[in-house]
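Here it is: the structure, laid out below.
A, B and C label the chains in the order they appear, each numbered from 1.
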C-alpha cells in the first residue's frame, strides 16, 4: 500500500492518466507514424517505403504550389482567426446583456457551428452562385453592384468569399466560450467600478478584458490550430481553385495524400505545417501554463 | 434620472439591433436551407431566388424519414455524440484539474503535448487509426468513433477546464480538504459546480465535434446500420443525376435541432447565479 | 472510499459502449462489397440482388458498404492499407487505372462466362482490359456525355439545327452570345461546360481527344504523355479560345459544376452546353416549361476528324487482397446473369435506375429501342465514346497539376503552349515513378 504522501504525489498523474493514454494512442501515435513516414519514400507503389532522410523536404522547393499554399494558409488563418475572435467577442458581449429573449438568441446563433458542414457549404455555393445566387440578387436590388459577381470564380474575390464562410462557421464557438467566461466574472467587480464612476468603456477595458485574458489565449491558440488545418470547407467550395487561388496547405496535403497517394511527401508537408503551427502558437502557450 | 432611463432604453435597443443583425447573418444560409427543404424539386433552383416556395411541401421530410436510412443515421449520431460527450467531460475534468491545481514534474510538457498533437492534419491520422481499429477488432463499431472523438475533444476540453479551474479560488477546496474530503470529493462537490459554465461549453463542444465529424466516421463505419448523420448526408449527395436537394436540406435542418435543443436546456448553467450561489453557500 | 464513487460514471460509459457493439455474424463466408450507388432505385436493385443471391447461396453473406464518389479512392486505399480490403469494389475510370497499377484487382479473365465477356462493348472492354490483354473487372453502369442546345434560342438567333463541326460550332456560339438585358454585360453565352474541381481536367482531356490526341499512350511497356503533340495543343487551344478569343464561354465557368451549367442552360445563360446524359432527366424534372425547346446532339467534330464523345462504364472488381475471391466472383456473375424476371439482369437494372447504360450490346439494343427520344443522342454516343486517360498517374496529375493549370489557362493567367509543355513534363515525371 502506498502511504498518504506517496498517493498525493501520484494523484496529479492519476488524474491525467486516462487523458494521456487516449491522447498517446489516438493522437500521438499516428502523429509519430506521420513524422516517420515523412522520412520514407512511401507512396502508392511502395507501400512499405525505404528511408530517404530529408529528400521529401528538399522536394518542397520543386513544387511551386507549396509556397503559394503556405502564403494562402497564413492569410486564411490570420484573417479567419481575427474575424472569428473580434466578431465572436462582440456577439458574446451582446449575448451577455440582460435583455429579454437572450436565451433564444443564444440558442439560435449556434446554428452555423452545428449545421453539417458539407451541406452548409452547398448552401453557400448557391448563395454565391453567379447567375442565380441570392447574394448577387440582393446586392443588385440594393444598387451596390451593377453586374453579377462570380464570387468563387474570380481570383480577387474567391479567397475572401471562402474566408467569410470560415468566419461565419467559427463565430458561435468563440461567442459561447467567451460568454461562459463573461458569466463567471463576479458582478461585484462591475458594481465597485460603477461606484468609482467608471463608464461602460472603462469597465470593459479594466474589468472585462483582463478577466477574459486566459480564456482568450486558449481560444485564439485553438482556433489558430483548427483553422490552419481546416480543409473540408475549401475542399468542398473550390477544391483550391480558381487556379490555386484558394489552395491551402491543408487541402494540398489532402490532395497529396488521398488523391495522389504520395504518402511520404504529404507527410513532409504535414510536418512543415506542424512546425509552422508550433512556431505560431508555442510562444503564447508558454505564457499561459 | 430621466436621461439615465433613456440611455438605458437606447442601450437595450442597440443590443437588440446588434443581436438581430448577428442572427440575420449567422442564420442566413440556414434559412435558405430551410426554404429549400420546403420546395418541390423543380423549385430548388429558380432564375430569381425565391425565399417563399410557390408550392410549399413537406414531401422532402416525409421521404427523408420514411424512405431513407436517415432515422438510423440520426439515432447513431445521438448515441455516439452523447457517449463521447460524457467521456470527454469526465476525462477532461480530471486532467484539467490536475493541470490547474498541482505543480508536478512534466506539467508544462503535458500541457503543450496535448496542444501539439492536434496540430497534425487529420487526413494523415486516418490510415494509422484505421489500422489500429482493425487490429483491435473495432472496425464498424460505434465504439471506434467514440474513442476517436472522445480523444479529439480532449485537447480543447482539458485546456478549457484548466482555464476555468484557474479562476476558481483554491481556498474553498483547501478548507474542504482540511475537513476530511478527498481530492476527488472536493473536485466533484466544490470545483465542478463552480465551473459549470466551463463544463457546459466543453460538453457542447464535444457533442458538436462528434456530431459533425465526417472523415473518420466514413472510414471506421461500413454498413448502413452503423453510419452516422454526416456520412449519410454525404452519401445522399451522390455524384450526379437526380440529387434530391430538398431532402438533403431537410436532413441538415433536422441535424441542427439536437445541439440547439441541448444548449437551450444547458444554458441556464451558464448563468452567473448558479456559481455565485455555490460560492456563497 | 472515493474510488468507488468516481467509478460510477465509468460504469455508465462502459454500459453505453457495450450497447453500441454490433452483433457478431454467424460463421459463414462474408463478401465485403464496396459500391457507390446513391439513387434510391439503384440501392434497391442491389439490395434485391443481394437478397436473391443469399437465398440461393445460404453459405454466403454479402455485406454492403456504400462509399461516396469523391471519397471512394481514399476509402479503398485506407481499407487496403489497414488490412481490411473489401472483396468487391466499384471504381470509376481514373481510380481504376490507379489501383490497377498497384495490382489491387484480381484477374477474372477466366472467371467471367464467355457469353458475358463477348457481350461487353468494345469501349467497355477497353476499360476493363489491362495492357497485357487480361481482364480485371466487370463493366457496369456508366454515362455518356454529349452536347445540348436550346432550340428557342437557336431560332431567335436565326440558326438552324445544331453545329456538326468545330467551325460551325464557333459560328453558332458567337451568334448566340449576347447581352439580352442591355445592361452592358453579356448574360447569354453561346456555350458552357463544367470546369469546377475534377471537371476541369475531364473536359480538357475530351477536347484533346476530339482533336485526335490520345492524351497518354502505352508504349514499350510504359505510359507516356502525349501532351506535347500538335493535336493536344490544338484541342487545348480551341478550349481556351472559347473564353479568351471568342468570348463565347465566360471566364467564370471555372467555378461551375454540372449542376451550375445545367441551371445556366435552363435559365438561358448558356445556349449550348456539354454535359452528361443524366442531365436529360434533370431538365425534364426541373424545367417543364422548356419542353420541346431543347435537345441533345453529338459533339461537333474537329476539322477533318470523326466526332468523338466521352463515355465509359464504372466497373466492379474482385479485389486481390480480398479473402473471398471465389464467392465474390460468384456474386458478380450472378449479378450479371440473374434478374427480377423481366428480361433484364440486375446489372441492367442498375444502369436503368440511373438513366445511363450497362455497357453490353444487349443493353445498347434495349436502350435504342426503349430510351426516350431526348436520350437517343446519348445512346448514339456510346458507340463513339472514349474513356478518360487510363494512365495510372492520371489521377495524381489531374489533382496536383492539371486542374489548376486548366482553370488558369481558361482565365488567361497562363499561356497555353508553355503550360502544356510544363504539364507534359510533370506527367512524364509521374510516369517515371
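One rule holds for everything that comes next: a residue touches a chain if its C-beta (ideal position, glycine included) is under 8 Å from a C-beta of that chain, and two chains touch if they have at least 3 such contacts.
Note that the structure is predicted; figures quoted are calculated from it, not measured.
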Pair of chains joined by more contacts [C-beta pairs], A-B or A-C: A-B
Most remote chain, CA-based centroid, reference being subunit B: C
Separation of subunit A from subunit C, taking each centre as the mean of its C-alpha atoms, in whole Å: 34
Approximate Å spacing (C-alpha centroids) for the pair subunit A, subunit B: 15
Multi-partner residues of subunit B (at least 2 other chains): 45, 47, 183, 234, 237
Numbers and ranges of subunit C residues touching at least 2 other chains: 74, 77, 81, 263, 267
Residues of subunit A whose C-beta touches two or more other chains: 131-132, 258
Subunit B residues touching subunit A - in the complex, by the definition given at the top: 12, 15-16, 18-19, 22-23, 25-30, 32-33, 36, 45-49, 91-92, 94-95, 97-99, 101-102, 104, 107-108, 110-125, 128-129, 132, 147-148, 150-152, 154-156, 158-160, 163-164, 166-167, 183, 197-198, 200-201, 204-205, 208, 211-212, 214-215, 229-230, 233-234, 237, 245, 248-249, 251-252, 255-256, 259-261, 263-264, 267, 270-272, 275-276
Touch list for subunit C against partner subunit A, complex: 73-74, 77, 81, 98, 101-102, 183-185, 187, 196-198, 200, 250-256, 260, 263-264, 267, 269, 395-396, 399-400, 403-405, 407-408, 411, 413-414, 433
Residues of subunit A touching subunit C in the complex: 43-45, 47, 65, 129-132, 146-148, 150, 152-155, 158, 238-244, 247, 255-256, 258-262
Of subunit A, residues touching subunit B in the complex: 8-9, 11-13, 15-16, 18-20, 22-23, 25-31, 33-34, 37, 87, 90-91, 94-95, 97, 99, 102-103, 105-120, 122-124, 126-127, 131-134, 137, 168, 171-173, 176-177, 179-181, 183-184, 186-187, 211, 214-215, 218, 221-222, 225, 228-229, 231-232, 249-250, 253-254, 257-258, 266-267, 270, 273-274, 277-278, 281-282, 285-286, 289
Subunit B - residues contacting subunit C, complex: 41-42, 44-45, 47, 67-68, 79-80, 82-83, 86-87, 90, 126-127, 130-131, 133-135, 139-143, 146, 182-185, 188, 218-219, 222-226, 234-243
